[in-house]
Every structure is written in C-alpha cells, then in structure tokens.
Amino acid sequence: MNIKDVFTPFTTWSKVVKDPVTIKNPIGREAAPRYRGFHKNDIDVCIGCGTCEAICENQAIDLVPVEGIETKSGDSGLRPRIDYGRCCWCALCVDICTTNSLNLTNEYTWVDTDPDAFIFTPGVDKKSWDTKEEGWKKPVPNYHFYGQTRVPMEELHAEERVESFVEFVKGYSKKQAEEEADRCVACGICTATCPAHMGIPDYIAAIRNEDMEEGMRILYDTNPLPEICGRICTHKCEDVCSVGVNGDPLSIRWLKRYIADQIPADVDKYNEILYTKDIKNNNKKVAIIGTGPSSLSSAYYLSLLGYKITMYEKLPQAGGMMRYGIPEYRLPYDAIDKDIDYIVSLGVDIKYNVTVGKDITLEQLHEENDAVFAGTGLHLGRSTRIPGSDHENVYQSVDLLRDIVTGAEVPVERKVVVIGGGNVAMDITRSMARLQKAKYGEVNIITTSLESEDIMPADREEVVEAREEGCTIIPGYGPQEVMIENGKVVGLRVWKCLSIFDENHNFNPKFDESDERVFEGDMVIESIGQGMDLSYLSEDTKKGLEFGPRGRVQTNDNFQTSLPWLFMGGDIIQGPDVIHGIANGHRAAMAIDDFLNQGR
Amino acid sequence: MKEILDRITPKYDLQDVSIKDDLQAYVVVEKKLAIDMVTYMRDYEGFSHFVLMSCVDWIEDNKLQLLYLLNNPEKKCVIGIKVFIDRENPSMQSAHHLWKQIWTYQRELREAFGIDFPGSPRIEENFVLEGWTDKPHMLRDFDTNKYAEETYFPRTGRSTNDPATYMRQKLYPNQPVTAKKNKDDE
Amino acid sequence: MSELDINDKVKEMLEKSAENAGSKNSEKTFVHPEDEEREVIAPDGSIIKVNPIYDYFSGKKPTEEKPSNGVVEKFLNWARSESIWVLGFGTGCGSIEIPPLMTPRFDAFRFGIQMRPTPRQSNAFIISGYLSVKTLKRVIRSYEQMPSPKYVLALGSCTINGGMYYDSYSTINRLDKYLPVDVYIAGCMPRPEALLAGFMKLKELIKEGKGEKANEYARNFDEYKANQKKIIKDWNMPDYNW
Amino acid sequence: MSKIFDFKPDRSKYPAKKADGTLDVDLRSQKYVKLWLGPNHPGVTGNMAVELTLAGDEIVEAKTHVGYLHRGFEKLIERRLYVQGFPTSIRMCVAEPDTNEYLIARSTEVLSGYDKDIPEMAQWLRMLSLEMARLQGLLRGVPGQAGTFSLGIGVQWGVYLRDLILDRFEELTGARVYHMYIIPGGVRGLLPDGFKKRMEENLKEIDNFIIRIRQLMFDNAIFKKRSVGIGVIPKEWVDLYGIVGTNARACGVKRDVRKDNPYLMYEQLDFDPPTATEGDIYARSWVRWQELIQTVDLIRQIMAKMPEKGDIRAKMPNVLHWRIPKGETYNKLESGRGEYGMYYVTDGSDKPRRVNLRGPSYTHAIALLEKMLIGTNIADVHATMVSLQTCPPEIER
Amino acid sequence: MNIYVKLAYTLLGFFLVLNWGLLMSATLRKIVARVAGRHGIPFYQPWIDLLKNIGVRTTLSHGFMFYLGPVFRFTGAVGMFLFMPALFGSDMWSNFSFEGDIVLILYFQLFGMLGMAIGAGEGGHPHSAIGIARGLAQHAAIEIPMTLGIISLAIQYHTLSFTDIVAAQQGGIANWTIFTNPIAGVTLLLAALGAMGHSPFNLVKAPNEIPIGPPTEYHGTYLGVLMSSGVVLHVMEAALFMNLLFGGATNWVEFIIKTFLINFYSVFVGVVFPRFKIEQSVVWFFKVPMALGILAILIYSF
C-alpha cells in the first residue's frame, strides 16, 4: 500500500470552499433556442394538409375541424390536434410541414393532474407558449423531406416547335415521372379543388408503385378523357398543391398524362384494364347532343351503366372544342382519338355531320330516347364591336381555329394583331405564328389584351412559350379602332387600360387616352370570349326552360333543366373549361340514371 | 473475403453467396451443415468472435431464416451464415458449446420465434416476457397493434379526419367520385 | 417417528410433486414450484401445510385511512409536502434524468426531495415513463408496500396514453387504469426542470389536502385489481402485497 | 499474515452438482439464501435484476433477469417507415442514444445506396455527436465505478459535467437526452453560433475534472483495495464470451471498431485506443478514464478539423414513400461500451423486415456477468456490473 | 440534588442533544453537499422528516419482536446519554454518571445493535439480516481496539469513570489524553471511524449493496424513532471520544463544537474513501488499530 494513496484523496476537500454550481431557480429555465418543446401552429398559414399526421410515428396527431376556419379550396378546414400522451417530440412533423406553420417552441413545462388534459390544438387552444419565438424550426440549409423543385419537362426548343404543329411537350420518362410522383405528400387537398374530384394522390401513388393499370382505373373513375386532360387541363389542382406552398407544386397534369401514355391505344386492352368488357345493357336510351368533353363524359358513365347512347355531332369528327378549338401542338389528334375510341368501343353511336335543330329536332330525340343531354359548348366568337370590327379581315379566333383543323383555307397575313388575353388568344396567336412561319418564314404577330400582365387569364406558361416562339405580347391595352386604309386593315389603335372593373365590379374599363399606340397588322383576330348557340332549342322547348343571366339555361345542381328529360352541361352552363365539362358530364350521367330509374 | 469464400463454397455447397463489400458477406447453407460450418469458420478461418445470432421471419416463403454472424478480428471481416428452417415447429441444433453466450441468443429466439434448440441450457426459461400466453411475439403474423389495443385500452375520445374525405363531405357531397358499373360481379 | 419413516415420507412427497409437475406441463402455470401450496415436514417430524404466497403476506384488502381533522392534518400535510421521499426505482427511461435532479445542477435536496431505496420508507413513486407488464407487476408490489399517504408522479407521454409505445405488446398505455396518479408531467422525457415543476405541483396538492390518492386506491381497490389482473397473466402473488 | 485473514472458503465440495452439470441448490437445506438484486434496487444498472444464490456472503450462482424495460422495439420498427425508425430506435439505449440513431441511418443509407451521398459536413457533425455521447456516457461511467463503492462525490461532479455536455447537445440537437439528430441522409442542423467556444469552456472544466478524478479514484488506497484483482477477465475469455470494447481492451485485446473498421471520418483523427493488461475492475476503470482524456481530445480535433459550412442532408426520396430494395446489412460502431451493431433486413417495402440490435451488454450482462459473479460477495456485484457497463435496454430492446 | 430535578434536567438535556443531533446531521450533510458542488438539504430538513415520519398513517407490524428494534435502539441512545456526563463540572448536566460508567457505555453502544438484530430479523427482509450480521461482525472488530484503548486510558488514569478521566484532562490543551497518551488516542480515533458508521465503514446500511440494511422494513413512526435515536447516538459517540480524548466539555458551546468536530472528522475521511468490504473492514481493525491498542497498553503496563 502506498502512503500517497491515503492522503491524495483528501485533495477533494478543496472543493468545499468553491461556490455550488447549482442553478438558482431551475423551474422555467429557458431552454436552448433550438429546443424541441411544445407545439405551436400558425392556423392562418396552415392548410390542414395532414402531412404531420402522416409522418407521426406515434399517431399523436389528429386532424380536427376548427371553428372559424372554413373548408375551402386549398384549405381542408382541419387543423392538427396533438396528443401529448403520444408525442415524442421528434419534430418530424415540423420538418415535413408543407407550410412551415407548425413549429416547436422551447417551452417544456406542463404539469397537470388530469391525464385527459394533455390533448390540444396548437394555435386554437390558447397556451402560454404561443407567443414564444425560439424553438425548433425546419433545419437549414438543403434539408427537405420531399423534393422542392419540379422535375423539368422536356420540350422542343422554341425555334423547333414554331416550325410545325407537332406536339412540343415530350412527356415524362419513367424515371422522371417516378421522381416527380415521389414528391407528392399524398395530402389530398387537390382533390377538392379539381372540378372532377379526381383521386389525384391515388393515381400518383400508382405511378410510384409502377402500377399503370391501377392508375388508369383511378383516372377513369372520374375522368374518361385522361389523355386529353393530361395535356390541356387547366390544372387548378396545382394551384392549391401543398407541396407548392414552399417550392414548386407537383406537375399533376403531366403525371396524369404519363399514366395515360403508358397504356397503348388499343381498345381491347382498355376494356380489359378497366373491366368494361361485359357491361349489361339496361335497354334504355339516351341521346347526347355534341361530342365535347361534357358529352363524352356523360356518354361514358351512362354506357357503363348499360344505357344505349347516341351522340349527334355537327362536325365531321368528335371532340368538340378539344379538337376544333385547341391547336394540335398542344393536343395532338391521336390523343383525342385514343380517348374517344375507347368510349365508342363501349357501344356509343356517334352520328357525325348531324346538326340538331336542322337535321333532326330536339323533340324527335326526346321521342326516340328516354332522356337527352346537351353539351353543345361555346362555338360562337364574340366581337369587340369597335369601329372597323366588321371588316372582312377581322376574324374570330374560334372560326380560324376550326378552319385550321378542318383543313379549310386560313388567311395568313404578314402582320397579325390578336385581341385577347385568354388561353384561346394564346392558341390562335401561336397557331398563326406557326402558319406565318410556314408561309413567310418569320413570325410577326402582336397580341394585346385589356388585362395587364399580372392578371391576364391565360396560363403563365402559355404566355412565356408564345414569347419564346417570337410572338409579341403587349398586355394592358384596350382596342379602340381597327384602322382601315384603302379598305385594307392596317392596324389596331389602342389605349392604355387603367382599370377594367368599376367600384361595383361591373365591366367598365377606364383608359389613359394620352398613351395611345397603334399595332400594325394586316389582319385582326378577335379572341375575347365565346358565346353559345342555342338555336337547336325550338320555341316550344324554350318556353319550358328557365333562363338565367347572360342567356344561360337554368339547371339544378344535377344539370337537369326544368324539362325533366333534358339535361344540359359543359361550357354552356359552367363556362369554358374541359375539366369542368367532364365533371358536369359525370354528374349529369348519374342524375339521368337516377331520373330514369325513379320508377324502378 | 473473396478467397475465403472461394475456399469454403465447394466445401459446404453454399448457395446464394452475396458479398456486400470486402468486409461483409452472407452465405446460405443447408441446415444440417450449418453448425459444422460455424465450427469450421471458428477453428480454421479465424472467425473467432461471435457477433450475433438472429432470425428473420419470411412468412411468405413459410421459412424462418437463422443467421449466425461471425467476425474475424484479424482480417476484420464479417460473415453471415444463413440457414432456412421450416416455420412449422421450428427446430435447430444448438450451438451453445461453441461460444459461451450463444445459449442466451437461443433462449431469446425460443421465446421470440418459438424455435427449439434441444440441449441448450435454460432454453425453456422466460427471457424478456413473463406470463406470455400469445404466440411468439416476433413472428410476422403476431399483430402487436391489435394486441395492444385489445389489452391496454388506449385513451378514448380521439378521432381524426382525412383531409380529402373531409373536404369531400363538406364541399361536394353529391359529386360522384367513382365510376358505377352495371355488372353482376361488382 | 423414526428417521426411516421420515425418509420414506419425503420420498413419497417428492414423487407426488413430480407427478403434479408432469401433469401441469400441459397447461401453462406460472406459480414457481417453491411457491406452490404443499406439505412440508418440520424438523420434529410433524407435517405442516404451507402456502408460501399467502403465508408470507396477508391477502387482506387495504383500508381507507382517513385524514385526521383540522389543524393537525394541515400541519402534517405541510410536513409531508416539504419532505418527499422518492422510491429509487427507475422504471423507465425517464430515470436517466433522476441523477441530474439529485446532483449539483438541479439539487432537488434543497426542496426537501430525497431518494429512498425501500418502498417502506418512501412516499412518492416516480413512474418514469413506459411500463412493461413485467415491471408493472413489481411497481404494483412496491406501490402497495409504501405506507399511506403516498403519491405517484407519472412522467412523460407513455404514462398518459402509451406514448411512442402505444402499439407495443409489452407496455401499458394508461397508467391511471392500474394506479392512482397524482401528477402528470408532459415530455418525452421531461427535463429535470419540468420534473421539479411537477414536484412543486405535488407539494401544492398535498398542502391543499388533495394528496389522498392512496385512499382512492383502497376505495376502488377491486376495480384497480381487476384491471391489473387482466394484463398480468402470471399473478403469482397475493392480491394485496402487505 | 495475509494467509491468516484469507477467508476464501473451499468450494470444491459444495454446492454439489447435478448430473447435467447444473448446481444442486436446495433452498430448504438452509445452506443457501436466494437474494434478488433488482429490479427495485439502487445497486443495479438500470431496471434489471440479478438473482443470487448465496452461501454465506458468497455467491454460488447468479442469474440475470431482463425484460423489465422490454418495449419490443424490433417489432415496433417493423411497423414504422424508415424515417420513423430513428425516434423509436434512439430509445433502445438511454445511456448513449446517438449510437442507435447512427446505426439506423447508416443501415438505411447503405441498403438504399445513398451512403456515398452523405455530405461531408453531416459526417463530421455525426461524429461530433457520437463523440459527445461517448463523453457524456464516460462522465457518468468513470466516477460511477467509485460510486459503486459508495464514493459518491465523483459521481456528483461527473453528472454535473455531463449536464453541461447535455446543454451543448441541447443547443446542437434540440434535446437533452434523446437527441434525434442523426437522420437518414444526414443530420438535423448545423452548429449554432458560439458553440465551439462554449464547448471549449466545458472541455476545460472536464480537463480539471479528469485530474481530480484521478486523485480521488486511482490514487485512492481503498479504491485500489476494492478493485485490484476483483472481477478479472482472463484474456482467453474475450473471444469465448464475445467481449468487446473497453472490457476487452482492459485485458489486453485491442479491439476498437473506430480503428478496425473505420467509419465516418475517424481515419482523419489521430488517436490510439488505450489498453491495459490486468483485466480487473481497476484496469477497466483506468482504461475508461484514459478514454475520457482521449474523447476530450477527439472532440477538440473534430471541432478543429470540421468544415465551417456545408450541406447537412443528402437529397433523398420523399420520406413518406421511401422504399428500399430487398437486402441485408450489418453495421457497427464503437460505443462507449464496445462494438454496437445492427443487423438490418429490408424486403422492398416501405418498412424494414427485421432490425436486430446487438448491444455489448447482451453478452456482458448475461453470460459473462453470471460467470464473473460466482465466488464473489454481494458487495462486488454492483461494482462488477458497473465495470462491465451493463445496460439492460440494449439486451431486451 | 433532588432526583426529580435531576431527571428533569436529564430530560431537558436529552431534548437539547436530540435537537443538536438533528441540526448537526443536517449541517454535515450540507458540508458534504458543498464538496459535491451543491447546496444540499435545508438546515431544518431533519425536523420535517421526523414530523413527516410521525405523520405516516400506515403502521404495519411483522410481529412483536419487530417493535423491539426501535425500542432497543432508542434505549441504547438514552442509555448512552443517561450515563455519560454531558458537561464536566456541572451538577445539572452530568446526568447519572457514576464510577465505572465507561463499561456501561460500551455495553450500551452494542445494545441498539442487538435490538436491531432482533427487530430486523423479525422484519424478514434479507437486506436487514445481512446488514445486521455485518453490523455485529464489524462492531466486534471495532470493540477490540476501542476496549484496548480504553484499558490503556484506565491504566493511565487508574479509573473507569468519565468524570475522573475528564477531570484529569482539565487545565489546558496539553493535558488532553490525545497528547498525554497519543498511541491510545490514535487507537481510539481509528475505532471512532468505525463507530461513527461513515464510509469506509458504512457497511451496515451500505447503499447500493444492501440498501439500507437493518431498517429496511421500518417506516413511519418506527423510522422516526430510529432516526432520532440515530442522531442522539452520533452526538453521544462523539461525546464519548470527547470525554476520553479531548478533555470533555464545560459548557454547551464547547460540547457542541467538540462533538461537531469529532463527527466532522469521520465525515472528512468518509467523503474521500470508498467503503470496505466486511472482511476487509474486520481485518483492518484487527491489524493497525489492534496493534496500536496493544502497544498503548504495553507502554502503560511497564
């Protein structure tokens, strides 16, 4: 034994003169700025997407309705309620929060005698830590639980695509589609916003699972025109996509197109995948006027139910505005044919070149069939009615677009001015650009709209693409006069538009007369909206119908007019939009089924 | 690692040899050769450190996969010797004589997967559970969530809503979201 | 009785017990052979019946022990609140925060909180998080050995609603089904500061005369016992562990 | 003189052995006493129990009982997504939780093929957090050995200093004990401002503590008396019992995963794991004390060598739909207690098929402890357990 | 002096010693806490603990013998107080000391231990039994050097009376036994370490081995009695060595200071040393202190 070993330990006692290191007042001591304490939620920013619930491994989070928060497009009206009998404060919910509204504060003291008290909705149930700033927030930099940027879509270059009407969006490859589908958080907020309420998270999941047939079935549950919608849908879903709150929204439309593109254009295959081979006939007949999206949609869902469908098309091919309004470079004809062929294969009879009201009357249809659906669409162009607009070189965009499709001769001048800021205006602008390019080798086209750049109704990408292709787009000017010299159109005189609507939200544009410009052009194309042609309704029928504002036929929620056998839907009821038309068609089909089976 | 495997593969008729990297490999060996191979690896190939004995339930193949994981402290590499045994009345030769800690693993596997190791000491004793009457708890077909819910009464008064379904009920209760078909079989 | 007789008797009894053991193999029994009810031979040769489980403990139910009246009880409650002796039984992962609590940084001693190693001398029980059924059995035993008045602090999510082990086959979800709990502290696990806040709350309760959960346990004894027995399948101990 | 006071009894005759080699201990013979240490006992490490059969004050048989902390992690992780695994797994060992996080993260990365993409910054931060975890474990463990002999002052200092490290953890990771910092793909935050300065202050205090603990423990006559020659692990046992880590190093077998199979950035650090040859409690304690010095040094090296900025997480698939193809892997690291490994099997779904954790205590606390306790006294049980650093949750998971 | 007045003074003295004992234990614990770097319990904590223990409602018995533990222990404490002069030269505070009281005190030291052996044994907890077995073994080992030291003093002062021994030490520090008979003094001080029951000789309660030894089953009022007799015993053990070695006390202040310092001495050692095992402890007492004790006797015998 070493004697040193007996005395060295006593050095310990030197500590006795040092002050204790104890924390004076430990209760409520401030935790570190990054501490993962109790939850707080900015309920105004939160959209109730439920990703926090999905990632919580303890099932600690419930989504509950909250008073004062309304369910609306892009906001489920639900807010996370957290059970502190489950939570483990891992903060995965914060890290994945799509809106960054959910955070943890560095407060950590909660003592209670009641075990049922530890359940609360952050931000709604007021807590002492709601005002605390410090606490766990989503880490930076480059820390993401899902992809923030969209997988870029491969497109033809502007120079290339303006050469022809070939579809320029190439579509996703398998790898790209899966990568894009992987970004989805499967919240389902988009479903409500989609007019057809498609099962978007489900078909995106089908892409991840590489199960295209399942994806196809999900698509056809609500939308019988996936090829078409996958290209030209106005994708309202993407506007509310929760991934898009911080980052790029998911390209839902391209993913839909990806699924539809994977299935070969073979109606037998379609029938096999969608289990529609042996639909039983129920011996009832329905006539459908028009072959646009709403008509096709109602035809599809009615024939699934066993109805015998006859469709009447004025033009030589089916598709309505989709074929005759939308240029081929956006929606190639084989895509339209693919969707329509399948619907036809279910036993739908389409009678082409038959104009109802002229070749056959509505009453006849009523007699021959149990019910009639009319989805006749908006095929009449509206005029600006400015001086000179009645000149023969002033055209309507709908007419020109239809002519391009039917192959009729389309007048193409060296300089073209287009009036309008909607998608149709962009379509005609870009179609004319292609025609100019083909005829003259150069593009010289000016598009002007009343609306300024930021409120232009056209899709942003359309505008950008049009500019890339060499079109000049000058928004914010109101046309005043088509200038005519020597009986020839030479240009369009415009004024700067200051505001479009007055205080009462009525259309009443105000102009700045000092800012006047003249757009030179040999022809002017008006594209400021379309009107409907209801000439097929006889006077008797019209008497039985109720009309609402702006000449629209009044229908109930199920698109049934006041003549019970007559249903109307699509653009003539809801305004121009493909996906709305499809939704109308589906709803009307179900209503027709209900109507016809009431006696059963 | 490769050369060791080359040496032993013909000897033990190994199937499904997978080399993960230079330091890790997994081999599948027949049940009756397994303990012999483990002994051989210990005595002649320098795998003197026994790391782990584990079991994986491949319920879809109706097999249990036993794993003997050995470490070679000299070459610093790991070999996993896998044996597939039947899922019904699983049984395996005991290896408790090779290393002193193996009987613990065998006792655990007996409790967790119901595998019998005849001759292993204290094999029938409880390991982690006490008074367990259900099926072995690590088998895939034992549903722990169901068991917990039935046994331990979770606190009531909680309910949740799926955003998509909730929005549908709120915003468009009448819009059809599935395609109805007039068919017999659906 | 001669020695020979005794030997014979022992032999006979051993055979009998072996038979019993054989027959019981078929159905799962949890009573340890040493604890089985049996006959033993005393050194003087007489035969004694023993039932170890009930011989060592009385199976009597607990009784309510009413607080005395008025000022005396108030004074005692003050003393109780300022001298909380915690049973040193780390039942779950929350016990890792007990050492910091009792050491220089947080120094709970200055608030009258001390650790005791035996349940007989403790009056507070910290259930530090999840409880596996195996531990619950010991916890119940320890709790019942604590003299009244006694208090239970439940730490963390696990004691409230199962916490992150809500789906585990081995851990309970709600502590209040099995033991009366005075104070719950949220967290996973609660920091020492929160734990101290919990103790302060407990002190407040005791001073207000609300720390009477031991009597609640006695009152609802049958209900608690039924819940406990539902999950502790191998109940090889008396109903009440005094 | 010492022969006179040698109380070593002759155990060759009794307890007798049965035919199958087990002990013939008849409790009714009144020669033996059965004593349970634990689970409610301040002298066991964690919530476990040792069932002792005593002849007088001497242990003739010991059985370890575990399962009091069993939560069925391996079953629960099979029910959780890959990203949800780490908050669950971290609770498998409360003494040094970060090791579990790392293993889960590493296993998923290896199996999904992202292990090469982990940013360098994240790797340094992972290493820092692992070394800090080792440090806080040692701060409890080294004086804890003296604590088993009722020399509690060192424990008090150690736990205080551990708390300072926990404060640094809190700053870095957002939590005191369950850090949940290492996530599949990277880590969950950069160093906060001024972290290195505050860390250095703490390390200085720990330097001081290291000297004091040497004076208190290793230069202490009675500590030596209690620990030298007690609980000896012969070198031959290392492979026979699967002994790893400091316990193996204390009997002269130099095994350290950080050196043998370097992971993270350990190759860039300059260190040599300490060893001893005696294999007794004192030697294990001494090795751990030297490891404490080394860990402080390693943390200093890491803080000096790590980059200032960088990405903290690789670009990974969406965590909600992350799938990993079928595969299996065994990953290990050197925890404060020794080689800590995880066998991870995936089957192509979004949840693991099997996760098996191999903690060093699995052998240390059962096979080895039961063997070592035989022939010792009740007073040595706690000391032996602590010197082996047994940690029940990693046995039963 | 009237026996009743004397009894009253003795009771008052016991009350004083009890309170001083409680305060002292708190103070010593606070000092130890300070070495650890913390504040420790408040000064008044022992009183509250005592009250709390009395306020415990459940009282449970393991049989008649179970009661004897605290009773014997308390009797031991009272006995030690009763037959040891607290203050030298004071009629009121010299209690019932008489010629040969040292022998009785030595017996009373063991008395409490024996009572605990009975009571703890009846309690049935193995920790109690192991603890008490250790306690008795160690006490036997302590008694040998202590008795040897006392015999040396008896030879030196030719008396077995406290009063006489203290009287012989009056008149300055140089007259204290520790200086007049250093070898016996050291022997007794080493034995004191054992008698005080702090580390390295705290085998009886031995936290983290057999927590907490004999009193494992005692609770509530029993524990209160054990606690109070424990603190009285600590003071009186110190008073024993104070009287034997450090010249006794002539007033309460001196009593308090000296008993505190003697107690502090054992804590001073206890804080920095771990605990012996029982055989180490016994062997240790058989080695150095016993040799010194024999030496002390031999010096005065020849």
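Chains: A, B, C, D and E, in written order; residue numbering restarts at 1 for each.
Keep in mind that, in the parts below, a contact is a pair of C-beta atoms (placed from the backbone, for glycine too) under 8 Å apart; a residue touches a chain by one contact, two chains touch by 3 or more.
Worth saying up front: this structure is predicted, and the values here are computed from it rather than measured.
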Checklist entry - How short can a chain-to-chain path be from chain D to chain E, counted in steps between touching chains? => result 1
Checklist outcome for this item: Per the touch definition, the chains contacting both chain A and chain E are C, D
Next on the checklist: Looking at chain pairs B-C and A-C, which one is connected by more C-beta pairs in contact?
Outcome noted: A-C
Checklist entry - So which chain is the furthest away from chain D, centre to centre on CA atoms? => result A
Item to check | Chain whose Cα centroid lies at the greatest distance from that of chain B | outcome: E
Checklist outcome for this item: Centre-most chain by CA centroid is D
Checklist entry - How many Å are there between the centre of chain B and the centre of chain E, using C-alpha atoms for each centre? => result 62
Item to check | For chain A paired with chain B, centre-to-centre distance based on mean C-alpha positions, whole Å | outcome: 47
Checklist entry - With chain centres defined as C-alpha means, what is the inter-centre distance between chain C and chain E in Å? => result 35
Checklist entry - Between chain C and chain D, what is the separation of their C-alpha centroids in Å? => result 29
Checklist entry - Which residues belonging to chain E are in contact with no fewer than two other chains? => result 33, 35-39, 207, 211, 271-273
Next on the checklist: Two-or-more-chain contact residues of chain A, please, as numbers and ranges.
Outcome noted: 9, 12, 15, 20-22, 31, 57, 83, 85, 88-89, 115
Next on the checklist: If I count partner chains per residue in chain C, which residues reach a count of at least 2?
Outcome noted: 88, 103-105, 107, 110, 117, 134, 160-162, 164, 166-171, 174, 188, 191
Next on the checklist: For this structure, enumerate the chain pairs that meet the touch criterion.
Outcome noted: A-B, A-C, A-D, A-E, B-C, B-D, C-D, C-E, D-E
Item to check | chain A - residues contacting chain C, complex | outcome: 20-23, 26-29, 31, 38, 57-60, 83-89, 108-115, 118
Checklist entry - For chain A, which residues are in contact with chain D within the complex? => result 1-2, 4-6, 8-9, 11-12, 15, 21, 31-36, 51, 54-55, 57, 88-92, 95-96, 104, 136, 139-147, 182-186, 205, 208
Checklist entry - In the complex of these two chains, what residues of chain E are touching chain D? => result 32, 35-38, 126, 130, 199-200, 202, 206-211, 271-280, 283, 286
Checklist entry - Which chain C residues qualify as touching chain B in the complex? => result 28, 30, 133-134, 137, 160-162, 166-174, 177, 230-234
Next on the checklist: Which residues of chain B touch chain C once you look at their complex with the stated criterion?
Outcome noted: 128-134, 137, 142, 144-145, 147-149, 151-155
